[in-house]
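Chain nomenclature is as follows: A, B, C and D, assigned in order of appearance, with residue numbering initiated at 1 for each chain independently.
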Amino acid sequence: MAHSAHHPPVGFLGRYVFSTDHKVIAKQYLFTGIFMALVGGFLAYVIRMQLTFPGESIPGYGHVSFVHYNAVVTLHGTIMIFWVAMPVLLAALANFLIPLMIGAEDMAFPRLNMLSYWIFLLSTVVLLSSFFVPGGAAAGGWTSYPPLSGSAAFSGGQWGVSLWILAVALEFAAFLMGGINFITTAFNMRAPGMKLFDMPIMVWLQVVAAIVFMLSVGPLIAGAVMLLLDRLVGTGFFDPAAGGDPLLFQHLFWFFGHPEVYVVLLPGFGVIGEILPVFSRKPIFGYRMIIYATFVTGVMSFIVWAHHQFIAGIDPRLATPFSITTILISVPIAIMVFSYMATLWRGSIEFKTPMLFALGALAVFLLGGVTGIHNGTPAADIFLHDTYFVVAHFHYALIPPVFFAFFAAMYYWFPKMFGRMLNERLGVAHFVFTFFFMNLTFLPMFLLGFMGHQRRIADPRVFDTLRNAQVENLHWLATIGAIGLLLGQIPFLVNLVMSLIRGERAEANPWRANTLEWTVPSPPGHGNFERQPVVYRGPYEYSSPESSEDFLPQNAAP
Amino acid sequence: MSRKPESSEQASATAGAHAHPNYIAIWSILLFAMLVSVLLGELEIPGFTTTLIFTIAIVKAYLVAAHFMHIKSEPRFVVLILASAAACLYFLFIGLAPDTVFGPFVE
Amino acid sequence: MDDSTVAKLEGANLEDLGIPTGRLAMWWFLASEISIFGGLVCIFVLLRWRHPEWASEAVHTINAAGALNTVVLLTSSLSAVLAHQAAEDGRYRKAARLLGATFGGGVIFLCVKAYEYSHEIHAGFVPARSMFWSFYYLMTGLHALHVIGGMVAMFVIMLSVRKGLNPQRVEYVGIYWHFVDIVWIFLFPLLYLAS
Amino acid sequence: MFDSWLPEAASSYAEKIDGLLVFITVIVGAWFLASEALLVYLALRYRRVEGRPAAYIPANTLRVMAVVLVPCVVILVFDLVIDAVAAPVWHEIKETQPPHDALIRVSGEQWAWRFFYPGPDGVLDSADDFEVVNEMHVPVGAVVLFELVAKDVLHSLWIPALRLKQDAVPGRSIRGWFKATREGRYEIICAEICGFGHTLMKSGLVVENQTAYRAWLDSQQGTQLAEAGHPGQR
């Protein structure tokens, strides 16, 4: 493999563009992800404005036709899951943190890692280009169910969906490479003395997420190829007239799609699990219990997928078994959440920005978690399926790991990434705006769902039941919330830029944390560790009686 | 800083630690098994043939995996990796079967 | 998980269990491949179960060609494993020659496949003809792409192992080749024999 | 209570579904509020205070872990209770088929609903069938059996007032039933994205008494019989 890791690369291109250094690749993923988050956020703004002022021209976008609306909804979902959550949470954080946290000089396969990023970037370009092709971008929902997405005759554009499939397939290939790298690195590159159960929770959860991704995505890759052949070659895999079956694609999609939720959730939970002990100055509550709960979650995530399809025409006798597994998966997740809460108990809590976002993530996630029970109950799902209740539920379940945990991670690891501290005041303002406006955006959607407001319609006024002041007011609230949420990110972006230029210089261990990444300078040099660290203990020995300080780094000699 | 995995890879590749199975014998068994399944395919005894052909395929796959891929001499962990992938497929198959095979289809 | 398994896992540095990084990566890669091909096979088996009438299409596959390709792949697997053995013994030139033989097996396999495809397409059995043929081309095509990928890797490794560089990679590409072989072992009865 | 937000309930099983929604909301709502309160309490109670160091609780014994595990076991019990209460409702609505008084084939297409009535003989696909576009009539208090099909892409038959939702899948004929309990005019909506016209794909459901329904049936059959001379109508 690449021994180039020993020699720092020279020149701008070698150092920042075609770099095999995991820290550079992490930042490449990070900035690509932030850029795509801005695109996805803009699409969210278009959706909200269209629902509140249907038919009117939207500032910055223009008039939204029904054709455009479907494409906007589709691309918002696709981008936020595959081009924001995955690159930022899985790729950027895992790339940056796994080698540093386990005391390795780089990933196991640095060149494969670089290839993974470039394939990902290619997939991004392909996806963005689909906005500009004749017929417009894919407009079949982020699930791209055939037959709608299986033929240009049904969905309009010949190019949009094909490019969408190609982009998603390239992205999967990129993350398969990344996933193999994360797993082998964590298993084989650990510093001497670091047993598997001395790894930080972040590393564990990233590894489990990567494994879940690798094992669930295969059938969908096959399904995506089949869908592409249906479109391009004229096969009939999902065309009932040719003996195919549209439901088959739904199964393949959700066999991946539901584990994917945990692929995104687990790294977010990993971030929270790193931050809570540091700012409570207390060991994490039940380290092994959390990791075992993660294993159970990972395994169970493979047997719950059909809860997305209760009323999709599947055999109704499947509903109750899948409902039971679905509802049971709340137990390991509850173990994780309660363990995190118990970490606070008798701690000494400092409300720095990373901690605020970590606690905010838990507070918001609780609502996303409990409303999953509504959707996971088949009989209740008859009413709630495809309504705004579902929309509210999955935003409450995914925004905490994807955005709150990501912001927490940024405020926490930014000093390590860039060598400067982020501004604390702007950070608190960012948190307050994000927390308040997030709830203002999505709480009304639960009520809209109860009123029977279905998803993915471009104009609620078409329907008698939705043509009233109540619905209008709720849409108003949600739109104000969404705009506030987007504007609330300005302090963050300003903070990023300002701190990069003239933030306070960060010392090696500004948070007085235990894990190995804090034992090297901020930012770490090429090759990370000047001397091979040796690990003597687990990662969460805070306020340990063995030490006079309130922390005890993993590599401090006993 | 040394990269231990690399050096141990070299070591395991050159040491020749484990005794080699008789590869030619296994290859001959595989060819014979293939011949049997081709002949069975020609016979076409309903039900029986299909079962037997796929049993033979599984045996062949086992022989290749165990002896050519050396899974037999690998740590259990490798079996766990591959078995977990197979287990996921098992879930997929079970979940798919009721809808894909027995739906309320209209012809 | 019982206590002893937990203790074993916790105490284990997997490196000490004897899986070098490259081979571990190969196993995980194969796990993801299993889920791709396995998923496809699951779908095919289920649809084939629902549509027994596909048998009348399946008889048009060329059994003899399939059987010949099975022999070719099994033999190339043999030379791959012998190459691995030679590399372990430090006989790198022999390893390279045996890898070359495996590469040649891949070439023969692709030639036979190409003959089959052209023959079938001339007879009107094109991918869009019916679901069986769609699956036939999808599965054998995906498999053929894997054969090509393996041959590219094998060619590169053949050149380096001749000079004694990275001999452990002979084993990794071998493992991959055997996997491709196993996939064919299942595709052969699925697509050719069962009718 | 929040159930005042729900749309009007007009079917025999609507109230069961509404009851279930309230039941689940009460249970998980209580858990949610309790957890949220606990989170806020813990965060404020154990904020940093000079001279009060954090306790060292790694929680690596079952005795200590019980703090977390016991609530989770209770959650497990609540989960199973919810499923036990919900399963019979699902079973009644989707897995059983009471004897029906009327039979209708509902067909979704881009972007309209078509309703096929079996005519006097009560059998679909016979000569006396008739077809209505975008308006379904059913008698009040009668069990209606529907056969749901789709012509082109996926659609979803969504009648909020009846608490009825079922996807229509091309290649399948999915059976289901409902019993409308209140006369009136309700909306039929498509709840599954089905292309550009998805938003506009809506129809009406007229629930009327037996006499009105009979009269409507006769009028429809009359017009369709008049057209019967033209083959290839369907």
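In the analysis below, contacts are C-beta pairs under 8 Å (C-beta built on N, C-alpha and C of every residue); 3 or more make two chains touch, one makes a residue touch a chain.
All of these numbers come straight from a predicted model, not from anything done at the bench.
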Most central chain, judged by mean C-alpha position against the global CA mean: A
For subunit B paired with subunit C, centre-to-centre distance based on mean C-alpha positions, whole Å: 11
Intercentroid distance (Cα basis), subunit D paired with subunit B, Å: 45
Whole-Å gap between the CA centroids of subunit A and subunit D: 30
Centroid spacing, where centroids are CA-atom means, of subunit A and subunit B in whole angstrom: 35
Set of subunit B residues in contact with two or more other chains: 5-6, 84-85, 88-89, 92, 96, 100, 102-103, 105
Shared interface positions of subunit D, touching two or more other chains: 171-172, 174
Two or more partner chains touched - positions in subunit C: 14-15, 19-22, 28, 31-32, 34-35, 38-39, 42-43, 47
Contacting chain pairs - touch in the sense defined above: A-B, A-C, A-D, B-C, B-D
Parts of subunit B lying in touch with subunit D, wherever the complex brings them together: 103-106
Contacting residues of subunit D [partner subunit A, same complex]: 2-3, 5-7, 16-17, 20-21, 24-25, 27-29, 31-32, 35-36, 38-40, 42-43, 46-49, 52-60, 64-65, 67-69, 71-72, 75-76, 79-80, 82-83, 86-87, 89-91, 93-95, 110, 152-154, 156, 158, 160, 163-172, 174, 187, 189, 191-200, 202
For the subunit B and subunit A complex, residues of the former touching the latter: 1-3, 5-6, 84-85, 88-89, 91-92, 95-96, 98-100, 102-103, 105
Sites on subunit A touched by subunit D in the complex: 66-67, 69-70, 73, 139-141, 145, 147-148, 154-156, 240-241, 244-247, 280-289, 311-313, 316-317, 319-320, 323-324, 327-328, 330-331, 334-335, 337-339, 341-342, 344-351, 359, 362-363, 366-367, 370-371, 373-374, 377-380, 382-387, 447, 450-452, 454-459, 462-465, 540, 542-545, 550
In the complex with subunit B, residue positions of subunit A that touch it: 1, 3, 105, 108, 188-189, 211, 215-216, 218-219, 240, 245, 247-248, 251, 255, 302-303, 305-306, 313-315, 317-318, 322, 527, 529, 531-532
